[in-house]
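Have a look at these structures, which come just after this line.
In the two complexes that follow, chain A is the common piece, with chain B as its partner first and chain C second.
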Partner chain A sequence: MTATASYGRALDLITRVSGVRGAMLVSAEDGIVVAEQLMEGIKGPAVAALAASLATRLLRAMEAAGVGASLFWHLQAEQGALLVVPTPNGILVVAVAEPDVNVGLVRLELLRAAEVVG
Partner chain B sequence: MADEIKKLSSQLAQDPDSLVFLRLGELLRHKGQLDAAHRVAVTGLERHPHLADAHDLYARILTDKHDYERAFDEWDITLRIAPTHVGALKGLAFLYFKVGDVEQAAAHLEAAQRAAPDDSSIAQALALARGGHVPQETPGSPPATAPVEEPLPAAAQPLEEARVFAGLEGADEGLLLLDASGRVLGGALKNAQGQDVSDAVAAYLAGVSQEAARTSKLLALGKWTGVAAEGRTGHVHLTAPTGDALLLVVRDRAVPMGRLAIIAQRAAGAARRWLEAHG
Partner chain C sequence: MSTRAVEQWTLEPLVKFVKEAGARLVLVMTSAGQVLAQHGFSRALDVMSAAALGAAIMASTEEIARQLQQPPFAALNHQGEKHGIFLAGVKTGRGRLIALVAYDLDASSLGLVQLFFEQLAADLQAASPKDSVPKQVLAADFERELSESLNTLFGR
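And now, the complex of A and B:
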């Protein structure tokens, strides 16, 4: 399977969950969008940059706190959420979701997608 | 039942990630083996921290053990994960009844009824609630017992003058209050070796509040309310008790992430009061 096809498959796993508005693969190092399936109106590049920056700060803070690298994190807001799983190869698997989404289910699919991405 | 417990225990031993712990925990609970059920539920939660049914199971076991405050928290967590979880709605209704809050109990039963309109036990419980009687038994929940005298959940303890998180669990090792520039205002964090890592962690978190706010704004998500993160050996929860301040809660992996949100809520209340008094 080509990288593009595997990325598409990974994103499909996430966006099929009810309440997910979009998904992205983001380079953790520089915040660049690697692949995306977003609803119209979501500014992918800007969100990717901020997600990567937040991920870096969290990673460093968590390592300093002694709880190890983050496996999953979740920005909660009044009208939705950003859910992120970092992969070992430096890709962030990101979902943008509605407020009433089943977080457990999205987390599961993000982890599956992370395995597909490698 | 004993045979099934044996069979499920064996399956779980062979595949510790299996979801059979849900059925096993429930069977042990029904059999009155609450300590064993408790162990099964906690181990299952460590492996499946975002599984609503696991929190629901744990809440029912805690209720059987009369640990109503933690049961309340666990059902609250369940609803954060799955907002229409019928078991959690019924469980919370049950607990509200026990403290005499009929209005909240009825509201939760009504929500459960919307989620499961064919469940006749909900209609029955709702009718009893409206009649002012405690339901005899909510399916999936233990039978009603003596009313609980203490309110649920317990509010944050009164603060000592100088210590922002005084009286709160983990006040000196797992709660940290910082300002927007990453300066520690109160609380402390210690790593597994007991070393104080407050300043280092706070420095890395400088600016997180602004970035979270920008991300939420960009995505039209409204005000950000928290960041929950799962680490290899522990969990963290970040929230902003005021516009400028940031609160961090850190616990080991045995503490479910949803519970951290509840601890954070209570600590944020204490932080707001402290900031108002010392601002």
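And now, the complex of A and C:
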């Protein structure tokens, strides 16, 4: 399977969960979108750049706290949520979801997608 | 780090961009390499070199695009181990300008620079004087004008 096809499959795992509005693979170092499946209205490049910036700062915070690398983060907002799983090869698997999404299920699919990508 | 402008309408968009994108050095210049604003430079010589090199790179890539019968490349990014350089053109009422951005990979990223550059381009376009005729710089005035610009850019 080509990398592009496997990335598409990884995103499919996430976007098939009810309440997920989009999923992306983002280069953590550059903040650039590698692959995406987003509903209309979500600014992919902006989410990618800002999520990657946040990931860099979170990594430093985790290191400073001596708790190791982050495995999963979930930011809950009024009108939705951002869920992210970093992979060892520098890709962030990102999901943008409705506020009442099943977080446990999305986390599971993000981790599965991370395995496919990483 | 100071941000200074020869043409004041460029200052506010530049200050905002630097803050949001986390850029280390920025030059806003004409395609001839005449600097309109700068952030982060401490020596006039560095500004002159960076402006000349940036304008030359843009001119080269524009010529490559022309030879390929393509419109000019939108932007150019060169990423090193610790720093990145981003060069792009901006259409304004003052004519086509070039932005040269150097960023630390520790503090920023290509994604952030690209994201906030779009805003910078829009802000510069909105703030630029409309229907202004680009002033011709004559060889006789060149050194005096350069010297005045550098004095303004370094607050002398």
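Observations on the structure shown:
Here, the second predicted complex is superposed on the first by the 118 of 118 C-alpha atoms of A that agree within 3 Å, B and C clash if a C-alpha of one lies under 4 Å from a C-alpha of the other, contacts with A are read in each partner's own complex, and residues count from 1 in each chain.
The rule is short, and it goes like this: a residue touches a chain if its C-beta (ideal position, glycine included) is under 8 Å from a C-beta of that chain, and two chains touch if they have at least 3 such contacts.
Keep in mind that this is a model prediction, so the values were computed, not measured.
Partners chain B and chain C, once the complexes are superposed on chain A, both fit on it without clashing. Touch criterion met: A:42 reaches chain B, while chain C stays clear of it.
Of the two partners chain B and chain C, more residues of chain A are touched by B. Judged by the touch definition given at the top, the superposed model places A:111 against neither chain B nor chain C. In the overlay built on the shared chain, the residue A:32 is in contact with chain C alone; chain B does not reach it. Once chain A of one complex is fitted onto chain A of the other, the partner contacts of A:52 are limited to chain C, with no touch recorded for chain B. By the document's definition of touching, of the two partners only chain B reaches A:64; chain C does not. Once chain A of one complex is fitted onto chain A of the other, the partner contacts of A:74 are limited to chain B, with no touch recorded for chain C. Touch criterion met: A:100 reaches chain B, while chain C stays clear of it.
Superposing the two structures on chain A brings chain B to within 9 Å of chain C, judged by their nearest Cα atoms.
In the superposition on the C-alpha atoms of chain A, the part of chain A touched by chain B in one complex and by chain C in the other spans residues 46, 50, 53. Touching chain B in their complex are the following residues of chain A: 41-43, 46-47, 50-51, 53-54, 57-58, 60-62, 64-82, 96, 100, 102-104, 107-108. The touching residues of chain A, when paired with chain C in their complex, are 26-27, 29-32, 45-46, 48-50, 52-53, 56.
Partner chain A is touched in their complex by these residues of chain C: 79, 105-106, 108-112, 114-115. Listed in rising order, the residues of chain B touching chain A in the complex are 50-52, 80-83, 189, 191-193, 197, 200-201, 204-205, 207-208, 211-212, 214-216, 218-236, 248, 250, 252.
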